[in-house]
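The same subunit A turns up in both complexes below, where it pairs with subunit B and then with subunit C.
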Partner chain A sequence: MSGEASARQVPVAASRRSPLVARLDRSAGAVFILPAVLVILAFSIFPLLASLYVSMTRLSFSEGGIHLTYVGFGNYAKLLVGIDRTHFLGVTVPLTPLTAVVLLVIYGGFAFLLVRYLRGPGRTVAGFVGRLVTAVIAGALVWLVVDTVMTSGRPGTIVVTLIYVGVDVSAQYLLALGLALLVVQRLPGRRFFRVVFLLPMMITPVGVAYLFRMLTDTSKGPLYPLWAHFGLTDVSWVTNPWGARLAVMIGDVWQWTPFIFIVLLASIESLPIELNEAAVVDGANRWQMFWAITFPQILPATSTVVLIRLIEAFKIVDLPNVLTNGGPGTATESLTLHAYTIWRALDIGGSAAVAYMLLIVVTFVGISYVNLFRRRVTAMA
Partner chain B sequence: MSRYPARTLVIAVGVGLLAAACNASNSTSTGNFSGTTIRIVTFTGPQIAEPLQRRGPDFEKATGAKVQVITVPFSDLYQKILTDFSTKTNSYDAMVFDPQWMGDYVPSGYLEDLTNRVQNDTALQWNDIAPFFRDFSATFKGKVYTVPLDGDFQMVYYRTDLLQKDGLQPPATWDDYISIAKHFQGKDLNGDGKADFGSCWAMKRSAQSYWMFISVAAAFLQSQGTKQGSFFDTSNMQPLMNNAGTAAALDIYKQLSKLGPPDQLNNDVGDSRGLFVTGRCALSLDWGDIGPLAVDKSQSKVADQVGAVILPGSKKVLDRASGQLVDCNSTICPYAVNGVNHSPFAAFGGWSGAINKAAPAKTKDAAFAFLSYMSQPAQSSVDVTIGKTGFNPYRTSHFTNLGPWTASGMSEKAAKDYLGAIQASLQSPNMVLDMRIPQTAFYQQTALDTALAQFLAGELSANQTMAQITNQWNSKTDELGRQSQLDAYKSSLSVTK
Partner chain C sequence: MVVSYALLVAWALVVLFPLYWLATTSLKTPLDVNGGPFYIPFRDFQPTLESWRYIFVDLADDTFRPYLNTVVVGLTSTAITLLLGSMAAYGLVRMKYRVHIGAIASFVLALAGAVAVVAAGGPWQLALLGGFAFFLLLLQTVGRRFKRALGNDDIAFWMISQRMLPPVAVVIPIYIFFQQLALLDTWAALIIAYVASHLPIVVWLMRDYFQSVPLELEESAAIDGASRYRIFRSIVLPLAVPGLVATFLFVLVFAWNEYLIALFLTSANAQTLPLTVAAQNATRGPQWWYMSVLILIMIGPVIAMAIALERFIARGLLVGAVKG
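Take a look at the complex of A and B:
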């Protein structure tokens, strides 16, 4: 059939369509989207709402099975003002002159940024309110970190998690960037090292945790000769709070640096060479070439990979669970491990409440990062 | 009436004799379970899972039932089983678990009542199981729900060679224990040129540390017999965790955390046992496992150099009226020996096997036959002498028949010493029963365990630790109902010994 003939037949065919077919045609879009919507509802929205409900209940056992009792915000109250407050938020103490100065400087920075936004050309009411909310929540978290880490207080699981996220992601990014810049050089054996640098990422996190458990054992294990040489066999990493946290962070950095490394490597290798050649002709040194040419061009990849690692880092659980069981005390316990510990005793309401607090913090950090940093960086690029 | 009564009688007698002969030669032939698979969950081995896995194929050969052992970490076992029950997944037909959890599993109707089965199973020799284990580990509110496979008491182990050489006696009190631990701390105890440790305990969080602590605290908290209890005041369910007795126990616990290996706070029983049997520790606190492990020449460097004694005690105990420590006398410490109150702790109660009520009938029969097979003296008398099984003696015949012990490599003297320490605990009128009330897992594994870990790490002072435990226990008790929890606690103390 020629194209002309078929075109002539279309109006005829359309005029013969029944109202049912026409209705189906009109709703075809919705029908095609429906499976995806149902999947999202079933696997994302429903569990989210169900766990929200569970976080407001208390589980008990009765004849014939279990019983959920609605307790409102009771499980959240336990975490924020109740018997689990010191475990979750930590132990806060009155501010010292040093911590007061640190907080004033940070809060001053927040105020400066807000004022600058208000004086800027693109200000909107929504933008200001968003930034204000961000500043308030960030201010509260900063106060919690400063007042439990820089004083005689004690960090709770939320602060320990924030420390893991901040230190781990920063260290992973800097190391990965250095390794990626090294591997793109025309050095002998670079293909070999490219593969070697990726290996830690392939190992299961539990395996990494057991590996570091052996490595940090100063009384036996593969590094015993090293510890013995330096007279450190009577020193234990994992019985000192900061030593144990450091052991967890080293393990996490070792495992996840390769992920950032491979993304940055791909980004650097895809950059056009002409700009660097022009810079060489203009007499730029290596640092100037990196800072003015390479770094701005890899910022979009940087912002994406850092966002992914930020979100993942909040969920750290395998390493502290296997390496230290959250100890000594609760020194290495992350929010996920906190939720897991409560869940093991089948306090699923309390566990869901911790998980929701984590969700709130991750969402806040993720949205703030995207709004305040990533969009700007992408636009610049 | 048959046309051939004499022939029928002869055949019937013949079949009967044949069946009896088969039964005598193979005590597992309680049925034909071909095509049946028994899915048993227990904790990640090698202990406990090992004997189940090792004897599963033998049982399959005898009965046709396949035994599939599923293992999960101990800290997950309680909720894994309960989640499986409550969601009606029923992926486990049987489970070998901590009998303390019956307080949650039985009232919810998840476990099969085994009362008639144990009474009708002659091969099981139910009455050979020591009364305490039949009652505490197997029975809940008058009905039998588990088959005991293990007997658990904590004891102190010491190096006989070291103490003898230095003219020291085994510890009778916790003060003695600390004194001996200090004496040996930092000395080379196994001749390898390295400094060793006075005492090795499992103090890791989310492991076994809270049982170790209770073993110390019980000496101060319970002096007037088993029914007095060590955890709560039996008149009002107030925790016994904030008083001079608990403070004294915390002080000892803290001192001992520094008289061991540098990473003792990160050691579980696997680590402390390994250190002890390789000769690196003068003292240790443990269940019965160290006895058989010490004679296992494949790993032990201290064979026949290990003694065991009942848990050390205290010359001062808690006066519950005043909350203060007072000197022992015949009124407050009626069971004291030489003025020392000993409170041997039946920690955990012993691994026991139960059956899922929702399992198919034939599978339940097969599961019971397997649990019975594991517990029968022919199997268990050998298993309790093997260190890696994690099973400790719990039958009368385990204590009276020394043959399997000497066959395992233990000298008769060492066997008598080891079994004597367990028997002294088992027969003590002041034996301490472990907690067995609804949500015991929260009281011990979550609240007590976390507070102790925080105390050892220096996050909490002794007073803060006691206050935190008391607040959390009271909060849970009020949540669940103070009176019902009190009834459950008092009921759990009324066991036969």
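Take a look at the complex of A and C:
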């Protein structure tokens, strides 16, 4: 890593200082960033390489301990075309008229965006190739989701994870934004609400998972009267795939809405108040003030917190593990839980392969998000 | 106004009811928990402190030691992460970095060399030293041949991408890593692991807060002869207090509650509280009452800290700073 720092915006007045201090000041760029870079680098490279290697091996027990046999891409092949295909990708069925229409509409949208980009002013070859690749991979993922969820097929762990991420992060964002806007008002008692709204995030994830297992118990949980009313006390709700997924998602939304809430709150609170005052003088209503003033200014913070939540949401594991144990069948199993279960069954290589597939999917989503959305937002701000 | 309150109270109930359920469960006997839902103490069931007594008196040291570990590891790692992360974030916001492709290529080549040495059976210490020397050599030769470079945004994305691999995949390598350093089951291992894994989050969050610090202030300080370090310490950090507080809370909460890495890196000495909570899922099924007590004593200090720090996330800290 060689970071050559140069002052971009703040001029440095070095003339009045001793040579040593001046020199230290010139290398400030490196001093600021190198500690963090070195810590992350030292701590990330070895695990990354080691688990890549492990994902290409099979663990076996032999005399005198364990042995790793190199199997190349065998573990990956098992997931994509082999016996674990239904577990990982799901059971796909031939297209029905409904799914065909849905897919056509979505692919049409992709094509429209690509054409619009080609006609736009800022087009470059690299930009087009990047968008084309993005569209192809996103198209494949969309097909997988549509074909396993909207048909008689069965979604695999990758599809379940995508559903969790999509639903959870959007629900959390909308809730958090609403709550943040409510508590920035000068209402009496707002400090109480601010602290209360943070509480779910502070409980250890394992604890939240057990807490929701208590709450969703149909015979001795607090919602017993509700279940009794519908005559559901004997049927465990975990027998219904969508019911179980819904329970997992409610738990996740409950726990992580505070994360987005506090970032948006801090961001709104640190906005200069003059713009709002001027808008009030001009007779703008609240709705206009939000869209014209507040929302554009919190967009950078928004795009950051959503990216962090996206990455973290892909790693959801405690809730499905404790709440439903991934069941019924594998209906609520996320990719991390998938990796965890086969890891417990001592298929270390297979587990690392699942984790690497997850890494590939998250990297794809992350890069697309940064390039297509975040860059535009930060350029605007 | 009324609508606002209705919405606030509604969400507060959604948040508080599960916690209320935790509190009452901690006061129930196993019989009461399994007998069906009982809602109100004294009316529906007779509260008892039996579970609290078990956690504090019977378990005693097995509760207090993890507690101390959690506090020490949580606060130390959060403080270090916040310091290193804010510095890096400030650098990424106000300075321009260019990491040349040649430098990265040199690094990858040197790394491949080191890996080859280890794969061939050489000691890792030698491979590390050799790799480093090789890297410096390459940097002076190959490193300067390419013009293309990666900028600030690429560095930031590289950092956050370190959080993309799920912990399940990295725990074994991390275990071996600390085993080689003879740090297993110590505070240091957990602190290092948490600092490294939470740094990207701090960098990303603090970048946005630093961006909103008015540039005029920094410029006038620079003209007055303040060094960059001084500008950072005396102007930028104080103005970014709301962001620092929010970020501090997050990272503390993450370190406080982390489960999987702690499970692998610690055994008896440095065990943290999340492990104690999970351990209540014994062979006889989850011990809800003990679990509830543990969760409650775990969130106590964090709540206290949130109450104490909440006022820093207040409007108006920046107002007036740029006037005049």
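The definition used in the following text is that the second predicted complex is superposed on the first by the 328 of 381 C-alpha atoms of A that agree within 3 Å, B and C clash if a C-alpha of one lies under 4 Å from a C-alpha of the other, contacts with A are read in each partner's own complex, and residues count from 1 in each chain.
Definition applied: a residue touches a chain if its C-beta (ideal position, glycine included) is under 8 Å from a C-beta of that chain, and two chains touch if they have at least 3 such contacts.
Just so you know, these numbers come straight off a predicted model, no measurement behind them.
*Asks:* Applying the touch criterion given at the start, work out whether A:Ala28 contacts subunit B, subunit C, both or neither, answering first, second, both or neither.
*Replies:* Only subunit C is touched by A:Ala28; subunit B is not.
*Asks:* Using the superposition on chain A described above, determine whether A:Trp343 touches subunit B (first), subunit C (second), both, or neither.
*Replies:* both
*Asks:* Applying the touch criterion given at the start, work out whether A:Ser62 contacts subunit B, subunit C, both or neither, answering first, second, both or neither.
*Replies:* Touch partner of A:Ser62: subunit B, not subunit C.
*Asks:* Counting touched residues of subunit A, say whether subunit B or subunit C comes out ahead.
*Replies:* C
*Asks:* A:Val183 contacts which: subunit B (first), subunit C (second), both, neither?
*Replies:* second
*Asks:* State whether A:Pro241 touches subunit B only (first), subunit C only (second), both chains, or neither.
*Replies:* Touch partner of A:Pro241: subunit B, not subunit C.
*Asks:* After superposition on the shared chain, which partner residues are touched by A:Ile83: those of subunit B (first), subunit C (second), both, or neither?
*Replies:* First partner only.
*Asks:* Identify the partner contact of A:Ser219: answer first if only subunit B is touched, second if only subunit C is, both if each is, neither if none is.
*Replies:* both
*Asks:* Per the contact definition in the header, classify A:Tyr356: touching subunit B only (first), subunit C only (second), both, or neither.
*Replies:* second
*Asks:* Following superposition on chain A, which residues of subunit A contact subunit B and also contact subunit C?
*Replies:* Residues 219, 343 of subunit A touch both subunit B and subunit C.
*Asks:* For a test of understanding, state which residues of subunit C touch subunit A in their complex under the given definition.
*Replies:* Touching subunit A from subunit C are residues 1, 4-5, 7-8, 11-12, 14-19, 21-22, 25, 33-37, 39, 84-85, 87-88, 90-92, 94-100, 103, 107, 111, 115, 139, 143, 153, 155, 157, 159-170, 172-174, 176-177, 192-193, 195-197, 199-201, 203-205, 207-209, 211-212, 215, 218-219, 222-225, 227-229, 231-232, 242-243, 245-246, 249-250, 253, 256-257, 259, 273-274, 277-278, 281, 286, 288, 291, 294-295, 298-299, 302-303, 306-307, 310-311, 313-319.
*Asks:* Quick one: in the complex, what on subunit B touches subunit A?
*Replies:* 75-76, 78-79, 82-83, 86, 104, 107-109, 195, 204-207, 261-266, 438-439, 441-442, 445-446, 450, 453-460, 468, 471-472, 475, 479-480
*Asks:* Please output the residues of subunit A touching subunit B within their complex, sorted ascending.
*Replies:* Residues of subunit A touching subunit B: 58, 60-66, 83, 87, 154, 217-219, 233-239, 241, 324-331, 341-347.
*Asks:* Tell me, which parts of subunit A touch subunit C in their complex?
*Replies:* Those residues of subunit A that touch subunit C are 1-13, 16-17, 21, 24-25, 28-29, 31-33, 35-37, 39-40, 42-51, 54, 175, 178-179, 182-185, 187, 191, 193-207, 210-215, 219-225, 254, 259, 262-263, 265-267, 269-274, 300-301, 304-305, 307-308, 311-312, 314-315, 317-318, 335-336, 339-340, 343, 348, 351-352, 355-356, 358-359, 362-363, 366-367, 370, 375, 381.
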